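To keep things simple, chains are lettered A, B and C as they appear, and every chain counts its residues starting from 1.
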Amino acid sequence: MSEIAKTTTVPTAEEILAPSPMQLLLGRTIGHAGITIGGTILLIMLFMALFAPLIAPFDPYDQELSRRLIPPVWHDKGTWTHVLGTDGFGRDYLSRIIYGSQISLMIGFLAMLISGIIGTVMGVAAGYFGGRVDMIIMFFITTRLAMPVILVALAIVALIGSSLEIVILVLGFLIWDRFAVVMRSATQQVRSMDYVTAAQALGCSTMRIIMGEIMPNIVNALIVVATLEVAHAVLLEAALSFLGLGVQPPQPSWGLMISEGKGYMLFKPWVIGIPGTAIFLLVLAINLLGDGIRDVTAPENRN
Amino acid sequence: MLIYTLKRLGVALLVAFAVSMITFTLLRFSGDPAAAMAGEAATEEDISYIRKHYGFDRPLPEQYAKWLGNALQGDFGNSIYLKVPVAGVIAEKAPVTMKLGAFALTFALVLAIPLGVLAAIRPNSIFDRVALTIAVVGQALPSFFFALIMIIFFGVTMRWLPISGSASWKNFIMPSIALGYYATPAIMRLTRAGMLDVLASDYIRTARAKGLRPGVVLFKHALRNAIIPVVSLSAVQLGFMLGGSIVIETIFSLNGLGNLAWLSIQRSDFEMMQAIVLSVATFYILLTFLADLLNAFLDPRIRVG
Amino acid sequence: MSKLLDVKNLTLDLPLSAGVLHAVRGISFSAERGETLCIVGESGCGKSLTSLAIMNLLPKITERRADHMIFEGQELQGLNENQMSDIRGNKMGMIFQEPMTSLNPAYTVGDQLMEMLLRHRNVSRSEARERAIYLLEKVGITAAASRLSQYPHQLSGGLRQRVMIAMTLMCDPPLIIADEPTTALDVTIQAQILLLLAELQREFNVGVILITHDLGVVARVADRVAVMYAGEFVEEGTADEIFNNPTHPYTQGLLDCIPIPGKTKRGEHLGAIPGIVPSLIGDIQGCSFRERCPYASDACAGHGIELASVKEGGDDAAGTHLYRCVLSADQCRENLKKTGAA
């Protein structure tokens, strides 16, 4: 039954974590640039989210049918009043994008937190205790991987009813698999180190060993996976909201904005273009940051 | 080899059981099948009656056992909404999704593998940068957004491709690209990493020392070894695509499992949902199982045990 | 008599971020059929790169230069990859150090043997198969026919190295280059492999260039020896000359490190050469051994110390024994007597 653990199709931690040679070779330039660019974009988004009430020119929920579908400022019919135009209900797009960042970041971060806790606990337990515990947890991971995340999430949300909180919970309880796989592998590596054996010989309690010896040494891997999962959660929420089973109107979720704008997309493409680009930039920033951190903390780079 | 196969098969079955059990439980807990079946205009009495009649008031394990018993005989229940056996509907819609998945994976592989190989033999070159850009962009672009952009551009502005239905193979072009491109970065990175590793290995040096032509060294010797992990990854990605096809199928009005899942969700069709999730999971399990077998075939070292 | 391989003044430079690494600094050597030349030196002296240089299997950034590198009358420099690939395996065979990783794990032994012959000769698969079996038997592998369908991971290290040797002989090349072929093997297997190489050399009349750091190996198989240090030959000659009259201080030091059964007395100190190999990045002045040499003087820091002839008993007619030191050959012999290493 240890075949489960040896299964070649559960992605290994190396596959998820390893700084691909791409990173290492182009690493110096792109890696640093990645952290810079990614970090900057992310900071801008965070700023938008935190200070939304102060910087948004309009109320994102404020409908005004007389100014429906005004194009962004770079069109000839655009104005500086509504820099990014308005949507089908006359709501200012810039304001909705700004407030939308709150939703994306909150969901991304909280879902990552929940799945992170679940996945890390499982992964560390599997890696530290090995044997039966490992076998059982690997079975859970394989089972979770076999389940289509989107379908299950949609089904649950459809039945319970959807809201921001439910989306966070559902995503959090579904996307812990990468955390588990990576933390398990990292724990296994650290576990075989001499300082762990030394701590055991000293009679340290299991908890003390895990928190004191293991965790500090797997934190790097944890951070890398955490950034990847934030991006993952953001994309999933966008898809759910796009289908109408995520964040509900009139909230300014970027995915929802794309769905609402679909009807006008042929003649007024900015209605989907702008929120889509926002999602793209956020995910790009997170990925660049994560890749950059991975690049910098990769063992090969430690001198 | 036989024992290896049987062991894997055993594990696969167990996983399938587990998936069915978890899905069953989740669905039952999330909603009320009796209310769903009764419809909007039903009264309390109607709902109670249905609940009793179909056994929805029995303890959960008992309900699951009943479902499992039927399922093992091929009876996956009737669709609450369509009133016909679920199995039949799924069998009807599955081919479309499988076609979509196959095309999507093919697209991903055709793009990713050559790029990965090129990037590996010319590190830091223009190919490498193109590959890196594609990888980075590919992972950040939401698939539904990409699909809509393609529709605007190729479907309407250029009028090159049809944008809905599943009439001809042309209908599958945009959906396959939209579904498949997300797998490209991962496959390309793996190919590139694998090739770089393999190209630096001793046996490639031996192959060159034997005077074998560069093409033979690259494909017969290097790629042959580098591609092994890509097989597993492709199987996994295909499994994910089958599960994630719901978004693409609804956008392009393709009549597959994803679309069916969407409709079933809206109609609270429990039996159908259960069966669809189980089907997709079973496909995934089958795919990974096949990938493991293929792995053993490609890498002689794995065949022991 | 034209030589099989004649290399004059080979240099290998690797441009690194820290500067240019002069890995090999002007060495000259040759190979003949039926003879074994051993290039011996410690890790990092450039001997492995030398072996790769002959076949041009060097890392891409390496700059290779030589006055000439003539193999069977043909100049090797300037040949493109296609032309080189025609020569590799066909006219020159190479055996590498790590048998465990030198064979492709995805293909059978037979496949890898046969593809060699099929590439370079116009033969049928069954003819290639016959030759493979013939050679496997020649290298001492029993049940050769069934071995053909086995995979590398099913064979032990010693067996794999035998397969590598068989593979090198598939096309009957006149020259074989062996880079530390026995280093990764058990001592008992080492002896067997060396014996095998010697037998095969006699039977097939191949010229062998053997790279090693193990003087024991040199003593067993070498006809001629070149002692390499920091990218240069510091001494060269026949095996007899080198072992009986080690002239250069480095050679003397190396021999001093080895316990000789019968000569080394119990409780006697074994020699050691203090210090480490100097960095070869950037310009190098004078003798590269002077930091570690017990006889160093100011003269050693001067320019270009050339290889000079050791006159054996006053008459070095063949001129085969050469050494690179500012001291005279007589002085070196004196030093040798003092340490009692000979």
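Note that a residue touches a chain if its C-beta (ideal position, glycine included) is under 8 Å from a C-beta of that chain, and two chains touch if they have at least 3 such contacts.
As the structure is a prediction and not an experimental result, all values here were calculated from the model.
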> Both chain B and chain C are touched by which chains?
Replying inline: none
> If every chain is reduced to the average of its C-alpha atoms, which one ends up farthest from chain A?
Replying inline: C
> How far is the middle of chain A from the middle of chain C, if each middle is the mean of its Cα atoms, in Å?
Replying inline: 56
>> Measuring centre to centre with CA averages, how many angstrom lie between chain A and chain B?
In response: 21
> Which chain B residues reach two or more other chains?
Replying inline: none
> Okay, in this complex, where on chain C does chain B touch?
Replying inline: 55, 57, 81-82, 84-90, 93-94, 96, 98, 101-107, 115-116, 119-120, 151, 153, 164, 167
>> For a test of understanding, state which residues of chain A touch chain B in their complex under the given definition.
In response: 1, 3-4, 7-9, 11, 15, 18, 20-22, 25-26, 30, 139, 142-143, 145-152, 154-156, 158-160, 231, 235, 238-239, 242-243, 245, 255, 258, 262, 265-266, 269, 272-273, 276, 279-281, 283-284, 287-288
>> Going by the contact rule set out above, which residues of chain B touch chain C in the complex?
In response: 201-203, 205-214, 216, 221, 224-225, 298-301
> What residues on chain B touch chain A, complex-wise?
Replying inline: 4, 7-8, 11, 14-16, 18-19, 22-23, 26-27, 30-31, 119-120, 123-124, 128-129, 131-132, 135-137, 139-145, 148-149, 151-152, 156, 189-190, 192-193, 196-197, 229, 232-233, 235-236, 239-240, 242-244, 246-247, 250, 261-262, 265-266, 268, 273, 276-277, 280-281, 284-285, 288, 291-292, 295, 302
